[in-house]
Each structure stands twice: as C-alpha cells, then as structure tokens.
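The structure is given below, and queries will be raised subsequently.
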Amino acid sequence: MTRVAIYGASGYTGLELLKLLARHPEARVTALLTRQDEAPHLSEIHPQLTGAFDLRLENLSADEVAERADVAFTCLPHAASAEVCADLLSRDMKVVDLSADYRLGDAATYQKWYAHEHPDAGRLGETPYGLPELFRTQIIGAKLVANPGCYPTSAILALAPLLRAGLVERDGIVIDSKSGVSGAGRTPKLPFHYPECNESFSAYGVGTHRHMPEIDRVLSMASDQSVEVLFTPHLTPMDRGILSTIYATPKGDATPESVVTALKEAYAGERFVSIVDTPPATKHVAHTNRCHIYATVVRGKVLLVSVIDNLIKGASGAAVQNFNLICGFDESTALI
Amino acid sequence: MTRVAIYGASGYTGLELLKLLARHPEARVTALLTRQDEAPHLSEIHPQLTGAFDLRLENLSADEVAERADVAFTCLPHAASAEVCADLLSRDMKVVDLSADYRLGDAATYQKWYAHEHPDAGRLGETPYGLPELFRTQIIGAKLVANPGCYPTSAILALAPLLRAGLVERDGIVIDSKSGVSGAGRTPKLPFHYPECNESFSAYGVGTHRHMPEIDRVLSMASDQSVEVLFTPHLTPMDRGILSTIYATPKGDATPESVVTALKEAYAGERFVSIVDTPPATKHVAHTNRCHIYATVVRGKVLLVSVIDNLIKGASGAAVQNFNLICGFDESTALI
Amino acid sequence: MTRVAIYGASGYTGLELLKLLARHPEARVTALLTRQDEAPHLSEIHPQLTGAFDLRLENLSADEVAERADVAFTCLPHAASAEVCADLLSRDMKVVDLSADYRLGDAATYQKWYAHEHPDAGRLGETPYGLPELFRTQIIGAKLVANPGCYPTSAILALAPLLRAGLVERDGIVIDSKSGVSGAGRTPKLPFHYPECNESFSAYGVGTHRHMPEIDRVLSMASDQSVEVLFTPHLTPMDRGILSTIYATPKGDATPESVVTALKEAYAGERFVSIVDTPPATKHVAHTNRCHIYATVVRGKVLLVSVIDNLIKGASGAAVQNFNLICGFDESTALI
Amino acid sequence: MTRVAIYGASGYTGLELLKLLARHPEARVTALLTRQDEAPHLSEIHPQLTGAFDLRLENLSADEVAERADVAFTCLPHAASAEVCADLLSRDMKVVDLSADYRLGDAATYQKWYAHEHPDAGRLGETPYGLPELFRTQIIGAKLVANPGCYPTSAILALAPLLRAGLVERDGIVIDSKSGVSGAGRTPKLPFHYPECNESFSAYGVGTHRHMPEIDRVLSMASDQSVEVLFTPHLTPMDRGILSTIYATPKGDATPESVVTALKEAYAGERFVSIVDTPPATKHVAHTNRCHIYATVVRGKVLLVSVIDNLIKGASGAAVQNFNLICGFDESTALI
C-alpha cells in the first residue's frame, strides 16, 4: 500500500483527488497538510467526503510528512508549491505537482508570466510534463511530475498530433476555450459569486492568461518547432468541464479525413482519448478522465473541438494517472 | 419631477431599484451614496446600467442629500439603515427603508433577533409596513415606510386573508420557503460561491431566521390574534425567485373552494396579486412586481403555494410601489 | 462473474446503473434490451459511456435473455415492468425492479394510483421493499426486489426510526420535497424543456403524486401502525438531488437530543446513512449512495432534513445495493 | 394608437415581444394568431403575462387580421412566415418579419441553406435588413423589415465598422459564438431537455449553421466587398444571451487604439451600442436591447467580444426598434 500525503486538500482539486483515491486499491491517504494551526476534520471541509476518510488536516513539517508518506500531491498556489516540492524531493519522496510551477521550461518565462522568481529553478525544463498520452516514457520512473493545466490539456491533446503530422501550420492557431467555474478555485470572489456568473457567459484574461505560454511550450516541444498560439478563455455557468474550439490553418494534405486519421492513429490504444464523429459536449466526459476530440476542415480552417472535465483529466484525474505511472501501478487504476 | 437619493446602490436591490427608476417618468435619481471616498461611476459597479445613468457614487452628508433629493431609498445593513433614516427624516425627507429596521414592533424583539440596540426605537411600531395590499391606507401619506422582507411578503400575502377569514388555525402554521441566491446579497462568501451552491439545494437558518418574527408580527397584526409560525428557508440554485409552500390547519368551513374564494375576494382589484388554478413557478413572476398564489385543502391541511420575485415584489418593486403611494403617483407607475 | 441484463438502459437510471456496474468487479453486463428493432450502439445513446461498454441494444425474447444473463435490472415504465419481471422470474432469473410495480401492497391501491390493472398482482405484498437499511433480512435471498422510489427513500429513512421509537405522532406528518429535473426522466416534455424549468422553482403533483401512497405503506409497515402523510414534490433547477424537509408532531420525550440519538442508533453501522450536525445540501451526497439526515425540534415540530442523490440512493445505487445483497456480494461493492 | 397583430405568439420571441409591447404607449395588441382551432387564453400559454393582456389566440384569415391591425410581427418558421408576410403586405399592412425569410439576398442561396423554395422571392434583396445601427435610412418608411438573426446581430455589429474602415482583412474571419438555450425555441427536443444541456457546453452546426450565409451577405453589403466568415455556434447552459468572440486579421494601421476608435466613431450617438473597456459578460445586457463590444489586437489578431440578449437585441427588441422606425415613433420607445 502506497502512503499518500496531500498539500492543499481543501480546494476543488483536493476534493476530486480524494474522491479518486478513495477508490484506489493501492493508495492510502495518510496526511492532509495545512499551514494553519487549526486541525479541522476533513468532513467539515468537504461534507461530500463524510464517511470516506477519518482524517484531520495537520500542520506538519516536511520531515514528518516524509516519515508518514511515500508520495505527495501538491495542490498549492504557484511558488508555494515549488518550495514544498523541493523539500519533499530532497527527502526522497515522489511528488505530483498540480500547480503550474514546473510546467514552463525556464526561469525567465516563469518570472514573466507568474511575476515571481522561481524557488526551484534548477528543475525547470528537467521535469516531465504529465500528459501521459504524449510524454509517457518520460513520466515513468520520474520523481517529480508537472501535472498539466486544464486548458492546456484540452488544447494540446487535440493539436499536438496534427502539428507533428504536418497537417496544420504552426502560425495563426486560435484556441477559444470555455470552462466551468470550478476552474477558478474555491476562494470566494465577486466574479464567481453565484448571482454574478450564473446565467452569464464572459470572456476574461484576453491575451494575458498564464496557460498561453504553457500551451506554446508544450506544443513546441511535442512538435519540434516553435509554436505560438492565441488563447482566449471564457467563463461558463456550470460547475465543471472545458470545451476548446480550435482553429488552425491546414497544411500539406489536410482534409476532414486525414486529420481524423492522424488523430485516431496518435491515440490508438489510449484508454482516455476518443476521436468522435459529432461535436462533443462537456457532459460526455464529466466526472471521467477522458478527452473527446472532434476534427474537421471547414471554410479553409482545420476546426477541432476538444472536451475534458477540468477537475479530472484537467487536474486530479491526470494526477492519479501520473501517480499510477510513477508508482508502477496500472495506469488506469481508480480512473474511468 | 421627484428627486431621489439611494443609499446602498451597489447591491442587488440597488441595481433592481435603479432599473425600475430608469423607467419611472416622475422620478429622477440625483444622488447615489457610499461611505467610501472613492467615487466610482455607476456603470463600473453595475455594467448592466451602462448608458442608463451618468452618475457616480458619492460620500455626502445628510445635509447635502437633503438639498439634492426629496425622497431616499435606503438599501443598507440593519442598524446602519435606521441611523440614516432618522437623519433624513429630521431633514424632512421621505424615506423608503429596504432594511429590516422598522419591520418589527418593539425594541426588545429587535434586540433579540438582530443582536443590536435599535438606533431609532421611537419609530418602531409607528412605521407602516409597506405591503400595500394589506396596509395601503397607512402607507399613503407616510414619511417613512418599512419595506417588507422577501420571505415575509410571499408568506403574508397568502396567509393573511385566510387568518382574517377564520379559515385556518393560528397555531401550527408551517412555511417552507425556497429562495434564489440573490437573496443572500452581493458580498462574496463561501456558501454563495458558484461551485458551492450551483447544482445544490440546501436548508439553512432552521428555527433562527430573522424573517420568522417579522412574519409572526405582521400576521398577528393583520388578523388581530397572536400568530407564531414555523418558517424554514432554503437556498435554490437560481438567481431570483421565492416559492413558499405553506401548510396550515383548516378551521371553520375551509374547503378548496372557500379558501380560493377568500383569497380572490381579498385581492379583487389588486393589480399585483393573482390567485391561480395550478401550482405556480417562480419564473411566472420573475422580473415583475407580482405574486401568484395557489390554494387548496388536501389530507387535512390548507396548502398554499405563493411565488414572487424576491428582488422585485420582495424588495425593490415593493419599494417603488411604496414610493408611488407616499408621493401620490399612480401606484403601479414603472411596475409590471 | 454474474451476468447482468438491463431493460430500459436508455434513460437516466439506466445510465447511472451502467456507470456503477462498470466499476463492479463481480458483474458483467451481457444484454441491453429494447423493444425497437434498431440496435444502436450504447455509446450513441449515452456518449458518456464511450469506451466503457462495447454493447448494442437488442430486442430479445425472455428466453434469450434468460440464456444470456443471471440477473436483470428493469428500468421500464410501470405495468410494462411487471410483465417483464414475471417472465424473467418464471425463467429462474433474479430481478431488481426499478419501476413502481412491486412497491405497493395490494392490487386495489395500485389500480387506484396507477390507473392500471396490475399484471402480476400475486407478488404484491410478497416482494421485499429494497431499502436495505430497514428491510435487509427480507432482501437477502429474494428473487425479486422492489427498488424504492426516490422521494420515498429520502422521507422514509428520516421518519421510520422516529415513528418506531414513538418520538413523532403518526398523524399530521408533512413531507415537503424538492428534486432535480432528472427525476422526471429522459423524455422531452415542455415542463422540462431547459428554458422552462431553468431559473425556476415550482410545486407540482400537489396531493396527487404516486409516491404518497408508497410512503404511507412503507412507514406503516416499518412502524406497525397506520401512517398517512401529506407529501408535496417540487421541481428544482438542477440535474440531480432530493432534499426533503419533514415536519412532524413530537410525541413522548422528543427533544432535539432524543431525536438525534434515535436516528444515530437506528443507523449505527450503516455505511450509507449519516446523521449530520447542520442542515445538509444535496451536493453533499451527489454521485454517492449516501443519505444525510439532520434532525431537531423547533417551535413545536420535529423538523427533519434529508438529502440523497435521486439517481443513486434514490434509484440505481440502491438497485446495485440490492443486487449485491441478493447475489451475496459485499453490500457496498461498486458504491461509495 | 397603432394596432398590432402577432403571428407565433406562443414561442419565446412572442413572449418577449408581448412583454415589450405591454410597456409601449403607442401600440395596442389586437390579435394573436394561431393555425389551430383551439383558442387558449394568452395567460395559459404564458403564465408570465397573467394580468398583462386579456387576449385569446385566434385562427383568423388575412382579411380579418388586416381589419383588426395596422402592423404585424411574424414569429413563424421560415417559409411559413413569407407566405403570411406576402398576404399581409398585399392588404397594405406593415410587417416586421422575425423569421429568416427575407434576410438573404437571392432565391438560390435561400434554397441552398433552407432547403425550401422561397414563397415570395421577389422581395429578396429588396427588403431592408433590420439592423438600424447600419441600415436605418432603408428601414424608415419600409413596409417590410427583415429582422436580423441573433448570432448575426452580435457578429455584424462588431465587424462591420472595422471592415468598412479597412482595419481587418475580409478573409479568414472566425466567429466563435455562444448562445443560451432559448435560442433553440420552445419545442421540446432531447438536446434541450434540461438534464441533457444543463451543466454542459457543446458545439453544434459546425460549418452548417444557416446564420453563416446571413453574416456573409450582410457584412459584404455593409462593407462593399465579398466577405465569407467561418461561424461556429455553441450551446451554453443559460436561458438567454449571446457572446461572440471574433478573430480577424489586422489590416492597414490596425492597433488596439485604432480599432476601438473606429468602433466608437461608428456608434457615436447610438443608444443601444457601447464600446467597453473590459471583456463583457452576457449578463451585462440581459433583458436589454443593448450590445456591448470589446476590441483589441493581440498576437497578430484583431480580437472582438460582442454580447447581446438573443431574445431582445437578437430578436424581439430589434423588432420593436424596427416597428418604431417604420411607424415613426421614437426609435427607443419601450426599449432600454
């Protein structure tokens, strides 16, 4: 039984992670970390977990955590997360980091987009990006995995195979993404106050969202060329789900058939990715670790529609998938 | 043209009030008050009002307000509201108070339920309760009106005529109410954070909600007997609307027909109250100043279902109705 | 491996049942029945199940089903369901019936409320009611189980222990229930068309809902006295979840403490029922087989608030729980 | 007082139209048409209009309508609408047609996209397109106005001034639009059944939506060049609202400042269009006849975000605006 510690269990990714781990036959949660001195019972924080875990949040040192657990999941704000990761890695723990701290390739880019000096810059560029469908061999055996962002997951899974296959131009890619509100986290703020965002749809972070350089980097890495995308996120009045509509310029012999074929070949044998015949809905993949992708060519554009559950394949499900890989379990354990 | 000042324009009742006043041919909004020194433009606070008013929020003294306006609406927290009301009344302004400050009958009850000494206790019991369908004659000509609570409006309109007509017992009344989230106000808090209350229905304030003594008092006053109800509010995942399901013990010759007749007679000629043939939905009255009431007798109970829009008939619409009455305008001006 | 057939897989209870069975280590779904001649793939009916089952719907005879499966779940309309159940039972299959056909005690009551002669009246009154927390010993070893209605589950779990313990009067019980829209099934109708019921809350079936006699019968049976309740259902703008607020007259030494104690004792050791300290929300039990109950005494009433997921503990989760019991598996297999 | 007839009053555009006309001081609704022989009262069809109109739906001939009314609004399915329009125009009535029948320029394009021969092809290309902000002079004095589609309104208002000003290329324009569910009409169908589309976001009509040629035609017409756009609609879990995110290739001296300036100049003096500083939300314009547009240049694209209420500025509000123009009333009468 692998012993698991979770930093930042009180948010939505923490909640979903705990729900998944409750079904995991090889994992036992042994520590829930908080930086506060109160030690509320987990069921006070998440009434949804009543009866599932008899655990309290605790303020433990890295040494104490290392004694108590083999693997840690870190669901902390950026910068704070990297500090904890470095501490745990030096104590020989394995870590799946759900923050953005190890997703970018270099300290300068991190500094530019996160307005913060990276606390563990040496591991930037060395840490595998936790999208097993693209980087599985690097993840297996790693001590630290950078769990992908939710928007990037939806976009990269759809685009990477077509960039690799030379079916879309690397320039002029537009990613128009729509997310449920849980993506904004659990801290109450006016834009996410129910009567503000309910019955409303809005664009935000136009040209400035931090997932844009992450997508740039990973698509570039996955296709061995320099890719720069225009990414626009939108807030959708629903709890969970991301749909990305992607517009790219066709290249080579891109046809509706060839783009579908390229995607099907790329994901043949992948349990969590399906290429579908009709434009999908986020509900088709809600509460699952799956990604459904639709592809066509229309009016001079390759048009892709990709859906995931932002909290599962876009966060905690991917984290469990990475956990399974670094621990040597079947990759789909506890996932559907 | 009557000049109007609004205290607390940045919340939801303020927003709805401004939307209604934008259509009012006899009212001109001349001051929006804030206690902060910044003076944001109204359209920054409420983008919904872009183009409707060219006004900034201002931090003005009572003297300045009295020079600038004839009537004030106060949408402030309790206690704070009464202080402002007293100041304005002493300057000969008329006031419609949307807070709870003048709804109860005596200082002791106020102290008990609001945990605060009443700042203007002399006016308690003297101030008309702004439900024109029941207390119109008292409202006309008043300088101050206590605008009713949202839950009380839905319950009192349904129950008062039956209590008066001797068709229900004064004991054992159960009011099970369901409200949209705007009733909780505009301040972000965890229970009203979108992913917490969306797709969820909950009970709250069981046995402790401050609208309970308000209902007790007004039903007692309206029916000349001591009434004490059991009121349970619930939070519903929608922006606006209240539905109250009410269970009372039949008395006298209460039948499905006689209770309907009593209600129809009570509200004959009332423009904003209809007795309907089938159980209503909150959407039937959304964005209107109307109340729809369904009544029957089933399995030994008089069963009533009453719906209003909590922000209109339950707050700002009633406030405009009261404003019309105290200013001598047609009662339904600017209302539908 | 137990082979499972499902009648009526295309609705919401069918979908949830399949999701649960996908995680069941002892069950293999071998037949999905339809009365139509087309044989769509399951993933066309439920894109949510893409990749989970490679099955088509089929129009098979009872003999064919009996060859292919050991146990059947019937998610059919009433009357149609009993016909199928009788056919399968005569072929020695075990059946969990999710329809209402075997929930009532006698043919006359069935005829009165369902306006249909019962096709298999001999089994009425003989079939165990599938609420294991109350009737486990009768369910174990049964060939046929009447899976409970969703509203009744929420109400009966809260009330039965207090009626048994003599803490509430059997007269005057009011059950005010609120359900998500999935309870209305998957057939498109105007009241469940999105723009009709979204952002709206309504009462329906006042005094006429078929779950009322079911609650009467089961509470009477569970407490050895004649109980008749007043049950009012409401439609809530959310996918799933039921919250029942229950008002009963205290009896004997009913206090806030004694009612809580009676409930805790009744459900000590029950994995799926918790007595909670604060009024619960439906989201606390969404996607689980759990029921959370809050109890107090206020203003002369015992007040209970009970929440379940109507599709899980109120339908398919209970069905799997019953399946586990009649097949001899651990009762909580595949359930959380 | 202008007498008004409405064809197709039972849908959502009919409902909103009636709500607006209830506030119109110069209009009196005198006939509501249906093709069925039953004559339900309007409040049975729309409980929201209880007390507002005492009218029944009627099955009247064109002659009878022409006697009873001066102007008609037609909210009928395409093809059916043109037949009625021709009948009424020949009887010297004025008509605002809310269907798509007169929006395209020629019979062949209509036949191609609507799979139907046009019943009144002679008026194609002659009928003014009812977007007063662009075609006001043509609308004033017209007998027939083609009321614009909802998606086209949101896209055309944002793009037309920039195409005219030579700030965006006419090729490669991508319009990614998101609409609330009321846009799909009031006929119950599975995709709009509450539990199907609630908590879900989906793309549909990819490359095939009939609003695409409408946008092509009107943008070409408004900018005197041939424009062909790629338009992708999406279904959003909310009642009302459209947000279009538009990506176009900059041309000439397009900068963030110059595109904003061009838009501000184009709509200077327009009451219902505002250029805003931050990306807008659909809720900012809900229940109003307004359009808010945000514009910038980012990563090599002119990026526009445009929001309207699909039922008001996208349908019934625009219809009243056109009605006001053809009848000679103040253009904003009854509109906010």
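Things to note:
We just call them A, B, C and D in the order they show up, numbering each chain from 1.
Rule of thumb we're sticking to: a residue touches a chain if its C-beta (ideal position, glycine included) is under 8 Å from a C-beta of that chain, and two chains touch if they have at least 3 such contacts.
This structure is a prediction, so every number in the text was calculated from the model and none was measured.
Among the remaining chains, those touching subunit C as well as subunit D are A, B. Looking at A-D and A-B, the interface holding more C-beta pairs in contact is that of A-D.
With chains reduced to the mean position of their C-alpha atoms, the one farthest from subunit B is A.
Put simply, the C-alpha centre of subunit B and that of subunit D have 36 angstrom between them.
Subunit D has its Cα centroid 39 Å from the Cα centroid of subunit A. The distance from the centre of subunit A to the centre of subunit B, each centre being the mean of the chain's C-alpha atoms, comes to 46 Å. Subunit C has residues 180, 196-199, 237-240, 280-281, 283, 286 in contact with two or more other chains. Those residues of subunit A lying in contact with subunit C across their complex are 19, 22-23, 47-48, 50-52, 199, 271, 274, 276, 280-281, 283-288, 290, 292, 336. For subunit D in complex with subunit C, the touching residues are 12, 180-182, 186-190, 192-199, 237-240. Listed in rising order, the residues of subunit A touching subunit D in the complex are 172, 174, 176, 178, 180, 196-204, 206-207, 228-230, 232, 234-241, 243, 245, 247, 279-283, 286, 294, 296, 298-301, 303, 305.
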